[in-house]
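Next, two complexes with subunit A in common: one pairs it with subunit B, the other with subunit C.
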Partner chain A sequence: MCLFLLKRLGMLALTMLVVSVVVFLLLELTPGTVATKVLGQYATVEQQRIWLETHGYFDPAAERYLRWLAKLLTGDLGESLRYKTPVGDVLWPRLLNTVILGAAVLAIMVPLSLALGVVAGMREGRPSDRVISIVSVVTTSVPEFASAAFLSALFVFALGWLPGTSAMSGGFNWRELVLPVAVLVLYDFGYVVRMTRASMADVMTQPYIRTALLKGLPFRVVVLRHALRNALIAPFTVILLQVNWLLSGVIVVESFFAYKGFGALLLEASLFGDIFLIEACAMVAVVVAVGTQTLADIAYAYLSPRIRFA
Partner chain B sequence: MKRNPGKAAMAAGAGIHPAIPDLAALARRGETDRRAFLRTATLLGLSASAAYTLAGLAPTGSRAASGAAGGTLRISMKVQEMTDPARFDWTEKSNVARHIVEFLTITGTDNVTRPYLAKAWSASEDLRTWTFKLRRRIRWSNGDSFDAEDVAYNFRRWVDPKTGSSNKSLFSGLSAGGVEVVDRDTVRLHLNKPELAIPENLYNYPAAIVHRRFAEEGGDLSKNPVGTGPYRLDSFSIGQKAVLVRREKSAYWGPKPALERIIYIDHGDDPMAGIAAIASGQADLNYEISPDQLELVQSMPQLQLFEAATAQTAVARMRVDRPPFDNAKLRQAVQACIDHDRLLELGYRGKGVAGEDHHVAPIHPEYAALPKQRQDYALVRKLLADAGHPNGVKLSIDCRSAPSWEPTTVQAMSAMCRPAGIDLKINTMPSEQYGDIWNKTPFGFTGWTHRPLGVMVLNLAYRSGAAWNESGYANRDFDLALNRANATLDIQERRRYVAACERILQRDAVIVQPLWRSIFAVGSKRLRGYRLHPTNYHQLGGVGLG
Partner chain C sequence: MRRFLQTFVALRHRPVAVVGLALVLFWFAAALLAPVLAPFDPLTPLKPFAKPGAAHGDALLLLGADTVGRDILSRVLFGARAVLLYAIGATLLAYAVGVAAGLAAGYYRGRVDTVLSFGANVVLSFPVLVLYILILTTVGASGLNILLAVTVASAPGIMRVVRGLTLELREREFVAAAKLRGDGAFYIMLVEILPNVRGPLLVDACLRFGYVIITIGVLGFLGLGLPPPVPDWGSMIKEARQVALAFPHMTLAPAVAISSLVLGFNLLADGLRDLDGRG
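Showing the complex of A and B:
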């Protein structure tokens, strides 16, 4: 087990290193634009040259990369060109906002989709299963920008029940979270429902379930004590992987509702060309992506004795 | 009128420029448009009320926000960095700063320039010496007195290349040595060429007056917001929010504005966000909407729509100093593909005026009507053949992706070029990326904001060597005609020189200009007294919430 963990952490470190090289090469190979961003478009060529020289932009690329990496490892993420403050001051609060959004989405989606998936799996082939499946497929097929526009048109403009943007400019406000969460839940729950349904349906046809029923155990006990434990392994790991999507895949929703989250931050930084912020965001995204993958693998191995003792 | 107009004017204001009485006579006879007279007379230092008297009109007086209470106004607008007013390159930055720091003059929504921090001004007859008298008893927010030293400091800063300010080109006839402090309340500018529009130029958005120790104390307005304006900066965070709180009555020299607080909220890049915010009561006003959203807004009775006709535009400009566009015939060919009226319909739903490829708008006082530009495919083919492209040519134009009317218009242009054999490929990119290449790309579509006088953009963009001359255009005849226009205050005569400039630009086909666009903004029904400024400047003194 320990070895397994160490190997996975090693993979994480290696992936981060590779991504850091790629990101650095993409963004910092041409130093000219950095100077324009900092000094403004009307600065003279001479002023730009002096600034670039003072900040070490004329050193060889390898040296600059290692310098950047060293600073990163000590926690110095650089300064944002757009916000003119240390990257951390902007990044961590926005990351927290996305975590809050993600947590709210998971809090609603997980019980909902697991319950629906279990029901659909137990009643495979029957009308209730059909309805649940169709709804799941339809909602997953509608892209977020479409459902965001539709829900907004309905609840903001037509009915006036909910606020139109979620900028939280007056401090944290639950009502402003409703629409973004609703859009994300609508988009994502169908996938997890279908996964759960498939897993549940598969388990219900297993011999040990038949044995338990034949032994005389009540159906409810069979489902709760025998079927669920096995059926939920796969959906659990799938849900862990959704966490990764909830970090950067929510750009569309965050942008539409003006929610100040990590996805919107990465989008704005990319449009502006805020190099150090983009690099830091990319590193965070890699950590989350590989981290959740690793966690999912570990969880799957732990939960499924067949794999654990293999 | 039996009165001597000169005497009446003297009674109403300070000593006047010698040419004004003749202009007044012209205005009365109807040979000069009254509006144009008002503009020129106030430019030359006549007070607005005196000008109105001379032109035989009743002065308008300040508009009170009738019956509206104060309150907090929330505006949905991008909150960008606000470090150095002299280096501002987006209007949004100046809107937050506008309530903290002020300008020497102010151009209202009616396009007339009036005194502000400067209470009067006068110019020598050759228009090379300008004298500004400043208001007295104005205090900075840190307690210092406002005087001519502050103003001189700003002028010198603007023309210093180290500052990196676009004002350097705007005041191209001024050098640091030409700024003279006559006394505590008087600043004199000695220009090396005649300049007609100095007062108008002083209301350009990067020309706010900062404290004389601005650079010494850090050079960052958002961290050290010292200003003469009626509001102080309570909090400021880029990309999120800016909160402005009204100063106590005794602290501000002018009339107390009705609004107690102004809050700017950044709702990101999505154009719907601002409208959604106003519709749900999270904001009261937004910065601008595109014509695509007009139908939506007009269908919502709870929203107010504001409209302004402007000289805002965008030009498809070609780099005339390098291939392929150094060939005038190729440029003329591109120009001849365009049906401007149709382009206005397609690109902007007809909400504006068709362009004429010379960057002077019909609402400018010195606009001269030329024979209409026509789409002529036969001519295009002939020009292409002469230019060495008998079988058509492939071109590429760079365009930013927002605001949406720009790529829409460029696509319509491309469609108009195709039948004549010009394959115009469109390269769309984010605004910030276009901002890096706007003056380097061979063919680009660049937005230009409104300016009250036609000569202003001609000075900024088409004069040889000007800072914002994005097409590399350098034509001595054009420069000479423009110099003459700058030195001529009589509107009729100036129009002749401007006509020459227009003709030269059209003939040299430096730009293809599709349209002059009207702009729109949206507000809640509670908003009172707001008028949309042609340059999106937020003049909120008379605004209140009902």
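Showing the complex of A and C:
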């Protein structure tokens, strides 16, 4: 177990290193535009040169990268070119907003999709199963920006129940959170439903379930006590891996509803070429992705006694 | 090719798959016949902010016009061209790369496999959209770059599938026989192994195709899609986003278009998978 964690930590560090080098090299392809973006279009060539020089842009790329890496190791994320403040000051509040969004999505999506998946997989082929399966295919087929358009046409334009943007300019307002959460839940829940259904349907054909039914236990007891325990192992890991998808979805939803979160920040930073902010965002993305994968593996081994770490 | 056709004939008993196939064929037809079907030129401004059904000359703007006054119906039809063309191109390229890497990793194993699998893991451990944004904001958004970005992000997944299948297939008798015959590695991979991974890949391809369409739409929506005058569904929604609360028809038409096309591919994939399961 310890060895497994160490291996994963090594993998995480290596992935972060590779990603940060790639990001750095990608941004290196367009060095001249940075000064233009920071100083504005009317800066003279001389002003740009001075700015580039004082910020160390004429040093070799490798040296600048290593300088950034050394600072990162001491916990210093550098300074944002766009916001002209330390990266952390921009990054952490935005990340917190996205965590709120993501937590709300998971809090609704997980119970909903597990329940629907179990109901569908409990009795394969029944009308309830068919309906749930088709609904889940339909909702996963609608991309986030399209369902955002549908939902805002309905609830904002036609019914006028909800605000159309979620900038939270007047402080935190849960009503502004409803549409972004709904869009993400709609797009993501179908996949979890399908996985839960497949897992449940598989368990229901196992001999021990037949034995339990044949010895006269009520169907409800068999499902709740015997089947669920095994059927929920696979969906659980799927849900953890879903966090990765959520991170992509968040970018679209946040920019559609003007929600001030991590996804919108990443997009802004990338469009601006704000190198340290991009690097910080990329590192957060890698940590979240690898972290949830590791957690999924550990949870899987913990829940399923048949699997042990080698 | 005959087996391919037989597969589709066998699908006719599955109503869900038939609906899927119909949706896909509908959009392919729309894309091919766009110049004939479209009532107006998709790029000419006619009547800004026109509501659906507004008259323009003798013809009607059936789905209304956008902020610049371009006919939305014509733009949606021509948009199908752009979307399908780039989705097909990107998917084919991703498959070419993914299949080649998967065959090599699965067949040679050892160091080739380690290097390729590590590369794939790095890409896969990263939220895909973040990757697209990073690539496209630096190299710039253009048709070719979209193809490349989709390939980079999709090929690792395809590679994993092919690698898994190849690892198993390379131990079979017919591969051993080919080796004894003295066939080269390339011949064995392409002629002996590749045909056997076609079945599982067909389902994967349908799902992935739907996903690539979503991706191209998302990129258009984020402003990283095809350059502006080309009508593509994602960027239509982006352009109308600001006024969507007053003129929802501008975002609804492209949203319905992309959703129905992706749904078509997903339903088709479902039908194909069921067939596969039954043998």
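We adopt the following convention: the second predicted complex is superposed on the first by the 303 of 310 C-alpha atoms of A that agree within 3 Å, B and C clash if a C-alpha of one lies under 4 Å from a C-alpha of the other, contacts with A are read in each partner's own complex, and residues count from 1 in each chain.
Heads up, the rule we're going with is that a residue touches a chain if its C-beta (ideal position, glycine included) is under 8 Å from a C-beta of that chain, and two chains touch if they have at least 3 such contacts.
Predicted model, so just to flag it, every value in this text is computed and none were measured.
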Looking at the overlay on subunit A, is there a clash between subunit B and subunit C, or do the two fit?
clash
Quick check for you: in the superposed arrangement, does A:27 touch first (subunit B), second (subunit C), both or neither?
second
Which partner does A:135 contact after superposing on A: first (subunit B), second (subunit C), both, neither?
neither
Given the touch rule stated above, what does A:251 touch, subunit B (first), subunit C (second), both, or neither?
second
Return first, second, both or neither, reflecting whether A:119 touches subunit B, subunit C, both chains, or no partner chain.
neither
Is A:293 contacted by the first partner subunit B, the second partner subunit C, both or neither?
second
Pick one for A:260: touches subunit B only (first), subunit C only (second), both, or neither.
first
So, A:162: does it touch subunit B (first), subunit C (second), both, or neither?
first
Is it subunit B or subunit C that touches the larger share of residues in subunit A?
C
Can A:82 be said to touch subunit B (first), subunit C (second), both, or neither?
first
Once chain A of both complexes is superposed, is A:44 in touch with subunit B (first), subunit C (second), both, or neither?
first
Name the stretch of subunit B, from among 289-297, 307-315, 379-387 or 487-495, that runs into subunit C once the two structures are superposed.
289-297
Taking the stated contact definition, name every residue in subunit A that is touched by subunit B in one complex and by subunit C in the other, in rising order.
149, 152, 156-157, 164, 255-256, 267, 271, 273
Sort out for me which residues of subunit B touch subunit A in the complex.
76, 81, 83-84, 87, 89, 161-162, 164-166, 168, 238-241, 263, 265-270, 272-273, 275-282, 300, 430-433, 435-436, 467
Which of the residues in subunit A come into contact with subunit B in the complex?
33, 36, 39-44, 47, 82-84, 90, 149, 152, 156-157, 160, 162-165, 167, 169, 255-258, 260, 264, 267-268, 271-273
Residue numbers on subunit C that touch subunit A, as the complex places them:
16, 121-122, 125-130, 133-135, 137-139, 210, 214, 217-218, 221-223, 234, 237, 241, 244-246, 248, 251-252, 254-256, 258-259, 262-263, 266-267, 270
Under the stated contact criterion, what part of subunit A meets subunit C in this complex?
11, 15, 18-19, 23, 26-27, 29-30, 134, 137-138, 140-147, 149-150, 152-153, 156-158, 164, 244-245, 247-248, 251-252, 255-256, 266-267, 270-271, 273, 278, 281-282, 285-286, 288-290, 293
